[in-house]
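In what follows, chain A forms one complex with chain B and a second complex with chain C.
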Partner chain A sequence: MAAGSIELINVTKEYATGRSHKKCALDNITLTINQGEFVGLVGMNGSGKSTLARLINGLILPTAGKVFVNGIDTADRKSIIEIRRHVGMVFQNPDNQIVSPIVEEDVAFGPENLGCYADEVKERIDWALQATGMDELRHHAPYLLSGGQKQKVAIAAALSMRPDYLILDEPTSMLDPGGKYDLIENLKMLNEKYGITVMLISHHMEDVVHADRLIVLDQGQIYLEGTPREVFSSENFFSAGFKPPGIVQLVSNLRKRGHMIDENIITVQQMVEYICRL
Partner chain B sequence: MKGLKLGQFVRGNSIIHQLDPRTKIIVCLVVIFSILINYKWYVILLNMSLIAAVIILSRIEPAKILRSLRKLRYLFLLTFIFQSILTSGEPLFHVGSVYVTREGVSLGVSTIFRLMILYLCSTLLTMTTSPLKLASGIESLFAPLRRLRIPVHQFSMLISAALRFIPTIIEEAQILTRAQRSRGAQFNSPSVIVRIKSMAAVLIPLLAASLQRADDLAAAMESRCYTGGSNQIRISKLRFGKKDKLALGLVSLVFLVFVFCI
Partner chain C sequence: MPVIEVKDLSYTYCPGAPYEKKALDGVTLSVKRGEFMGIVGANGSGKSTLIQHFNGLLCPDGGKVIICGQDTSVKQRRDELWKKVGLVFQYPEQQLFEATVFEDVSYGPRNLGLGPREIRIRTEDALKKVGLEPESIADLPPICLSGGLRRRVAIAGVLAMQPEVLVLDEPTAGLDPLGRDMILNLIKKLQQEDRTTIVMVSHSLRELLTLADRIAVLENGKLVATGSPKEVLHQKDFLALPGIIMPDYLQLIHALAGRGKKVNTGISAMAEAELEIDRLLKEICGK
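Let's look at the complex of A and B:
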């Protein structure tokens, strides 16, 4: 239970569906996320991804097991504000998480709830908007922005609480490719420059190729865990019905045909560099 | 559809935008009460000129506001017709056994103006005040009601969230209408029954989606450390300055003179 990490110990979460039926969303999961990591979490619909995200900041409590954030138990309702201050959340639909029709005011919502004073709030807004590259749009109305920009406002709103961890529950699923790319680049920057731990949940493999560690959830259990390279090349990955990103498929198909291409290539960028070196 | 939505906050930096939300709420209430108590022509004129002044000062395009009035034209028309035929008095002319009276016509005209004033004054309030500020304003003004165990904060948050989601839900309704029309829903069928049935195909998914939104918003707000309690920091950010005192003083003086003395 060291500080500076999120720990899930034997976590099980069941939902009641109907009178006597129970659906097991997460089944005995043990997982540690260390400060500074970029973790990708992938899985099919209904694999328990969102449940896992909501368990971490105490929006829901586990049926069995414990969740610790920096050593604080999420079941301890007195510390819930402390936990949520450390864990910023961004959800799937950007429209549904914006509170105010002015970007600046929306970003201020978190710090104001924490009881920060005006100067402090302003400082936090400035920082959060600058870190997401949204400072030019600070007086805009969010509903006039593009999906990607809205989602960045949501990230800024989470950042304004100065969290250690940022958990994003399928933030890219409603964005166009350009917006998606921008968002992922922004997250990489936040992780590298400010040392914010990022946990990115997605069902697009392309989104998580940059992660330090990839966790694959299947039917409420951790199915695979490792670097993206390891996960994509694993036999089990294919047999569970997952598809690696296009580039990884291309590399493996080329290798099957006898072209000895570096098998560590997982992004278009790497592929381009490799080809240019030939 | 990314145009201006009814009563939606319009960003601006005019003197009206800068006023404290409490000032605007009070003035709005004064206008509403004055027009409900007393509907003589000079009160109507006073209110209309006040509203005109606010529109000019707020630098909102008057055309936009006038266009939104058009939506109420049937209400105005019906009000006028009923007032003019159902009020007893000196008959002007009659169609069959229905008499139109002089008193009725003048009452009809003044009622239209009163409705217009009620509408414009609340629209201007929400157009020039951001929902969160409006919520803080309401909360601060009605804080004494908390003694009576009225959940003032919850009500103000409710209003603020409702205003915030108007454009989102209108947009969704338009998408749903188009989707249902493309599947053959008859929104312009001559039969009322068919039209109502078609509307159900829009309203039910809209309601379901709104519940989903409410759920999402609750999760997002909770994640940002919202605990449902009243927020002193946000309220203390409101500043009741010189401009507010001046505006409030001026308005209350004029109204006292007009409504009670004449």
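Let's look at the complex of A and C:
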């Protein structure tokens, strides 16, 4: 198995939902995520996104097939600690993740367990708290925070780990627009500067326009895959009920009005530059 | 007469303790019957704290909250409020407790003392309204569901009560695009057809600009603006507030204006932005 990647080979995951009932959440998925990639993962409710995330960090095991992280089989339970060092997670609900009674300790938990030196731990905590805007609340109790603030603590804890792979399950769902913007910028920075592989799950297409690759799940299968631009312009994307970011919708509407605008435009900046060059 | 009247409301968490926090500070606000009130503000600005006063979950430290003519500082009245005011919590896990989806959604109707037939009808109806099939989901434990499906169940549970006032704390968070449109249309329909009063917290200005009659803006526990979407959007300093960023189509319009293009920055809807750019492009190409 190739090191420096996450590989899922013919992975199926079934959950027991009663004595004789099963739910197939992932259906024979084969997928490679390479070190250094920024991957966006989208899909309708119940399509299997969180299941995929939990399989990658070894929290659950496939019913059939194999998951490898840097060549290590997640089913090899002796290696689970090793896998958790490589894969950092932000869970969909922050309550499932917060471990300490004080924000700062919660953020320190990861780097301390990775065996970082005290200076390094401090530097990482300070940075992660600044990056999420939680610096002022560092001595607060996480369970006494607002919904979005809790989510920021969970994000800061994962950012401070600087793992090889960072899997974020709808981290922007409760963030205000400013917090959302900051998070995406920080993820881009970690990806570019430290080569950290990012897998970002979201229902908001604006969050994933900068991804190298966008994967669309549907009923446990990979439905579409490509660059965000390729996916946004795919007929199948629309017919399944997805909508591209507002700017892409705007471009497409203006084209219908007869303006020959560049179809490759997917961000506000690109559109501004395009119009100003005309 | 307003359905919700908030007068000089203040609320402090953990008074006297190290984590003391004045979460609301002198908020005055009223919502008319049948009105759709949107609430925005940065993380931690006090939105959830404010709306938990509307169903009596929190009781004011200072000032008054009067719901349907009743002062909520009287304990007995506060206990009755759940029948009139349905609250969808920020996290669905805060309100799903029963062993099956059916029991969870029917919890409200059962407590209202309705008959078994009516309970079943309301429960199944509410599940269908949020895009779930009663046959396939009713017997599942809520913990077996994905995040977005839990959100739908939580919303169904409140709809099944058919409350006069519907208060929703970020109801579209975690919903897929189809679910989002479905729930927003449903809320709008309840307002327009049943005259249900709606209070909705959201970080999506785009949602509120298209749906709300009025928007209230919180910052650090204080109410800093109220008015129609257009009034609030164009109020000086609104966009400079922490945590507030325009929807992308308005960012585009403002960026173009900043680069000297003649576009009307007074708009608020996406369709208006389309017309503005259409006109601008025709002008540029006509030259």
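Simple rule for what comes next: the second predicted complex is superposed on the first by the 221 of 278 C-alpha atoms of A that agree within 3 Å, B and C clash if a C-alpha of one lies under 4 Å from a C-alpha of the other, contacts with A are read in each partner's own complex, and residues count from 1 in each chain.
Everything that follows uses one rule, which is that a residue touches a chain if its C-beta (ideal position, glycine included) is under 8 Å from a C-beta of that chain, and two chains touch if they have at least 3 such contacts.
Here the structure is a predicted model, which means the values were calculated and not measured.
Between chain B and chain C, C touches the greater number of residues of chain A.
Once the two complexes are overlaid on the shared chain, A:Leu250 sits against chain C while remaining clear of chain B. When the two complexes are overlaid on their common chain A, residue A:Ala64 makes contact with neither chain B nor chain C. In the superposition on chain A, contact is made by A:His140 with both chain B and chain C. When the two complexes are overlaid on their common chain A, residue A:Asn93 makes contact with chain B and with chain C alike.
Look at A:Leu114: by the touch rule set out above, it reaches chain B but stays clear of chain C.
Taken together, the two structures place residues 93, 95, 140-141, 144 of chain A in contact with chain B in one case and with chain C in the other.
Every residue of chain A that touches chain C in the complex is listed here, in rising order: 15, 17-18, 23, 43-46, 50, 92-93, 95, 140-141, 144-149, 152, 170, 173-181, 203, 206, 241-243, 245-247, 249-250, 253-254, 257, 259, 261, 268-269, 271-272, 275-276, 278. Contacts from chain C toward chain A in the complex involve residues 13-14, 19, 21, 41-44, 48, 90-91, 93, 139-140, 144-149, 151-152, 169-170, 173-180, 203, 205-206, 242-245, 247-249, 251-252, 255-256, 259, 261, 270, 273-274, 277-278, 280-281, 284-285.
Taken together, the chain B residues at the contact with chain A in this complex read 2, 8-9, 11, 130-133, 161, 163-164, 167-168, 171, 212-213, 216-217, 219-227, 231-234, 237.
Remark: chain A residues 54, 57, 59, 81, 84-85, 87-89, 91, 93, 95-102, 105, 109-110, 112-118, 121, 139-141, 143-144, 154, 157-158, 161 touch chain B in the complex.
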